[in-house]
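Heads up, there are several structures right after this.
One chain, chain A, links the two complexes that follow: it is found with chain B in the first and with chain C in the second.
Take a look at the complex of A and B:
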């Protein structure tokens, strides 16, 4: 697909360290080997011309975070993108988005789960093409990779080969599909996106839906206006934030000038979605107080909107589940963000960290594995999700700040009582209209006080944008206990 | 006072690299700028000048660009140089070779518009032929500045503004601009228009961890591990890499792991560099 510059995480770290070291080395030695002064006008041998030699040319100097934590971290900047009008076909809805070509990281799949490959754009001319896919009726973003394809055409002729976009997560956009797509020249391009039927287990209102593959088409103009729009819209963060543990809020938040209109969920306004300037107003950060308003919308779909916590964890849970009822009452192009429900929205008996002082009330308080927040609950027998009279073990791993689902993992739970294994179910990835993406299995006889080990046999097989690429890789087991009444 | 260009060349290189190192290390706070994933840095060299009223001196505007991910360089460049016209007059502008770097057949086609009424020099340059574009750290122009005879001791800023650079792919680059200060007759109180430029550290739109070690304790698989740097992995390979001893400080809230020590080194080296330049000139 592209030309991945394969590196493992340690190599990635070295790259970052080397860049800084080289730059510093230049300070200490600007004389050449003969002891003569380096001449900035001297073109010989040093293409970079900065006294740092070819190494720097090979590793372009970027504003980047050195030695990012092995966790979710705040990147250097907020990307800008042009958001096109969503399109609907059959059960699917799709919102295309375009940005400038940029690297992302994919799971290497080379045997070591902690390997990532940085995928650089294969051509500087082109776009980073993305789309969010969701169920048109429930508004559930479909965070599973079932093999979508996209074809780019110009004047009816194919531009390059068909591509299989990567399933990706980014802090701003949540789960989406994307790839860097080279474009030979300015012009109007047509994109055909074929989404397959969703074979992932579906429950609730999603059951029986999304069974038919669909092809959707959109057009966009690649020109100077676009290039300036997506580059000039980039917002660099204050550098003291770079690399801190934390995350950008979803792009709806703080970037569409929420104004508390009646407490309605304005997240979907994406003010600029239809006029392609959705990111011109970066300065229009709404204050966090506005976020409280969004809780109002959880009511729409039965999700409790408990609190008006001003805590950060709440900032991102607004548009996700109000979308689930399919309302698009914003008069614009509401693009749902793939945030999972808040933990209070799940029924059942919680599985808790036996060493924690208190039960988690926010996603950010949950036990972590590889910085993924791991929520688990045991639904009582008779749950619609369970087989027969069995209970249902529901595990919901998610990003710790924006609650983005971590898809395509392999998870096994081991239930023990008095040191004896009483159940060891493999959890099946499931899409539910109420609980969204989770991993679950019917279980019998699990009791309060039982210990449950959640083992992640493979991490989320999704590509990552900056800020997520060092997290959710090595995921050691999480030990939980079924909460006593 | 007129700086000797040959004397200044060593210092130019030294300061260029140190500025870049400082930027890479986070020491220099870039002005908010139009930006993509890669950047063009435009800075004045020397960045600090001591001169007397009636003197003239030269300043290089150095441009540093490392191209995009595919080694495409820039072929268009523009910026403005702004100054107080009551204090300075720009007597001459010389286009330099940065934009032609990497191709002996490439030329810089440029224009310079001096407006001494407003105190602005507008520079526009193109590389012909564009080829792969310029990837270099070199002077783009040299300006000759004259100080009025009747200036009281003061410290003035020569600003770079409206920087723009375009890759051969037609994508604009991010541009960070760094200014210069001129101390006249020993200098005076500086009007620091940029003093508040970075006062707004409000992390709007960002959710930070409440605690750098946050995360449930679980069985030790959660937050405790998560507090480590990626360089600090279980193999120890990361920690063994050069200069990583400070990485662990990220657990103590160091905003950018490794930043503090690196910045200190850069600060010391920059000071030494400046002293060397001063002694040579």
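Take a look at the complex of A and C:
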């Protein structure tokens, strides 16, 4: 397994300075107790000046990929976080997660520079507060922004103003809600989370559920031990991977991290749940090459040089938990990851890339727009998702490696036959217990051979963690054809 | 209530903190700061009741306007919640009227003097056997979205006091309750204390005006990045003449309360750190006005490019639902303007910011002919019909409603403990 200590941070700095490939910012954590390597000007933990004598900083050093590709890319590190015990109320279940404050990107609009803004954390104490929200019965992660609220309290008094956490996607956590939350000092905090009723179209077993707003409460302790855990728990990847097209694997959500405050032990738990040595540097490296192998846009050689299918099976293991209410089997501690079903799980007549040599087998083979993998299928008439006897056009855009749903987009499909437009439905964002988040519309008379252009009127209006911020912004239309039998 | 620490605040900040604190001690301190008690030059009022407009809410003619002709609200505001000691009778009504007339004699009806209204809640009218006439639309307050669970103002009445002078709003409040013997040289002969109790923990205070929000960065949750000149915490001008209903439009036009209006007051927290430190200016303009305002740079830093309008053409208002889909974001003003009738706004907003509770907020106060009109505008602002994620649905991501209250502001002749169905006067 990878021990974060095996990467000499000073070596990173030297390397960065020598090659000019790194952008260094933020504060420097140190591994010795005295913080002798820290730059006092950047030491945000001590800047609070409350004399608690921190021996760790509030956040680890931030090493960023300079000039990342306009695509999903591998960041420099895996975040560390503390998972708290999931809580249930009404139809909802929610798993809080806490990490150190870190940058993310918010979007309001089409993805031009002005419409996307990088959020840097404030100096001083605080956490990146996150939660995954899911339907308690089906285990479906609810990846839509309908206005959750967070209220942080200490000794019954509010800490700061209430906030609506951002809907976010991250490679490790998938879809979640989160924000950087400053904290005035060490101590025990209570967080009230109010989740709204879900007004997004719901189908299948979700129909009629999630209609009632609920409030749930959790507590956490912010202290040296927490900062040690999340700062020292960061795992830096081999530098060759930084900025490569690919993604970190989803984190293993199934372990009971609640009582494990020792950072190294947590990593042990992670490894224990993986069916491979996923945290070994070189295995990570291989994983990402594997992903790249599926990516037709990449010029990497070595197709089939690696055991691709093992990798994908590993990912599928995660999904199997999700698909079968695994959280119940784990004493309530399993947290589903927001992976959409694999493409073979969808019925109907596929819409395929007319220029592709063969039909996509994996999500990563699918046509891309803004590096989003675009899956589309035409469900036969009378499908439970369609109105009456009509067919149903189901479009499921997703992140290309981890199959995270891309929510809160606007999509229009244009169906053409012999050069004539025969239908132009605006697709409706829909949550289904079987097909999860997708965009769909009832359509009549669409036939094999028809061409269908999927146009993205606005890209996914969800905030992004590092590694997703350059993707899913400029999204040109994707032209597909209804597959002929 | 503890008085604010003089040493750590500028004179203006201190005066505002005193208004927030309220009470006799705050008033004394305020008079000490703002000049010599005996030699203040607060313009006096009138002893002729007929010299004042019949509508309590007729403020616009009396208030100053800015360079663009927009009404300039007084800078300092207090909402004084009142609970009746006993069921109303004629004596109580006369005492109330005498107390209110004292204010009118003491202070000019102006920014420099004092403007005020008295409003009555549905709970007040419930004390009577008679019911309200159909010409008045005054339902109990209720939650207006699934996302809020506000407390409700269930006391009897509220007085809204407003002046550019912090000492005047404080003094007026204390004088009403017999804590002062004279107000601006006028003897206090009647006190509301015989009729009402003040509900101290529901008292609300606030401020509005260029530069005032930026002076509140000492309060937790108010970031340094608020534009210096912004009149509101959200960083932009508001209350544009053409976005405001006229006083005529909000006036009840028939029945015994003709000449009155209804008042909705909601209090909410504002999440300014996220608004200013996470969103950028372009995004803020998109969310406050419309994405086209941002794209065409129509607003400027804090709205200085907008004159007497918020720049909402019919086209921009009609584009709201297309903007939701095609741009992924809609503006607050754009959305709410969809409720206009024949192009005319329904609400006359007189809201103000606050740091009550030591965190930034807004006391949203609007006048409209009937509460149903407020509800319609709020529904348009909620935008449940729009295909847009919550975070980009105007400013909803940043506001957290805590309280709601509805009040009837009767015409001046009926302002003192009216029955629900008074005889025509």
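Heads up, the rule we're going with is that the second predicted complex is superposed on the first by the 342 of 485 C-alpha atoms of A that agree within 3 Å, B and C clash if a C-alpha of one lies under 4 Å from a C-alpha of the other, contacts with A are read in each partner's own complex, and residues count from 1 in each chain.
By our rule, a residue touches a chain if its C-beta (ideal position, glycine included) is under 8 Å from a C-beta of that chain, and two chains touch if they have at least 3 such contacts.
Quantities reported herein were computed from a predicted structural model and do not represent experimental measurements.
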Should A:164 be classified as contacting the first partner (chain B), the second (chain C), both, or neither?
-> second
Between chain B (first) and chain C (second), which, if any, makes contact with A:122: first, second, both or neither?
-> both
In the overlay, answer first, second, both or neither for which of chain B and chain C A:408 touches.
-> second
For A:213, select first, second, both or neither according to whether it touches chain B, chain C, the two together, or no partner.
-> second
First, second, both or neither for A:108, with chain B first and chain C second = second
Which partner reaches more residues of chain A, chain B or chain C?
-> B
For A:77, select first, second, both or neither according to whether it touches chain B, chain C, the two together, or no partner.
-> first
Should A:458 be classified as contacting the first partner (chain B), the second (chain C), both, or neither?
-> second
Please indicate which partner A:149 is in contact with in the superposed arrangement: first for chain B, second for chain C, both, or neither.
-> second
Contact residues common to both interfaces of chain A (with chain B and with chain C) | 114, 122
Chain A residues touching chain B in their complex are 9-10, 12-14, 17-21, 23-24, 26-28, 30, 37-41, 43, 47-52, 56-57, 60-63, 65-71, 74, 77-78, 100-103, 114, 120-125, 186, 224, 227-228, 231-232, 234-249, 253-255, 285, 287, 312-313, 315-316, 353, 355-356, 360, 364-371, 373-374, 400-402, 470, 474, 476-480
Touching chain A in the complex: which residues of chain B?
-> 9-10, 12-14, 16-18, 20-21, 24-26, 29-30, 32-39, 62, 64, 66-72, 96-98, 101-102, 104, 135-139, 167-174, 198, 200-201, 203-210, 212, 214-219, 221-223, 225-235, 237-238, 241-244, 247, 250, 255-259, 262, 265-266, 269-270, 273
Can you name the residues of chain A that touch chain C in the complex?
-> 106-110, 114-115, 117, 119, 122, 144-147, 149, 158, 160-164, 166-167, 179, 182, 194, 196-197, 199, 213, 407-410, 426, 429, 457-459, 461-463
Can you name the residues of chain C that touch chain A in the complex?
-> 146-147, 149, 220-221, 269-274, 277-280, 282-283, 286-287, 291, 294, 324-329, 359-360, 384, 387-392, 396-398, 400
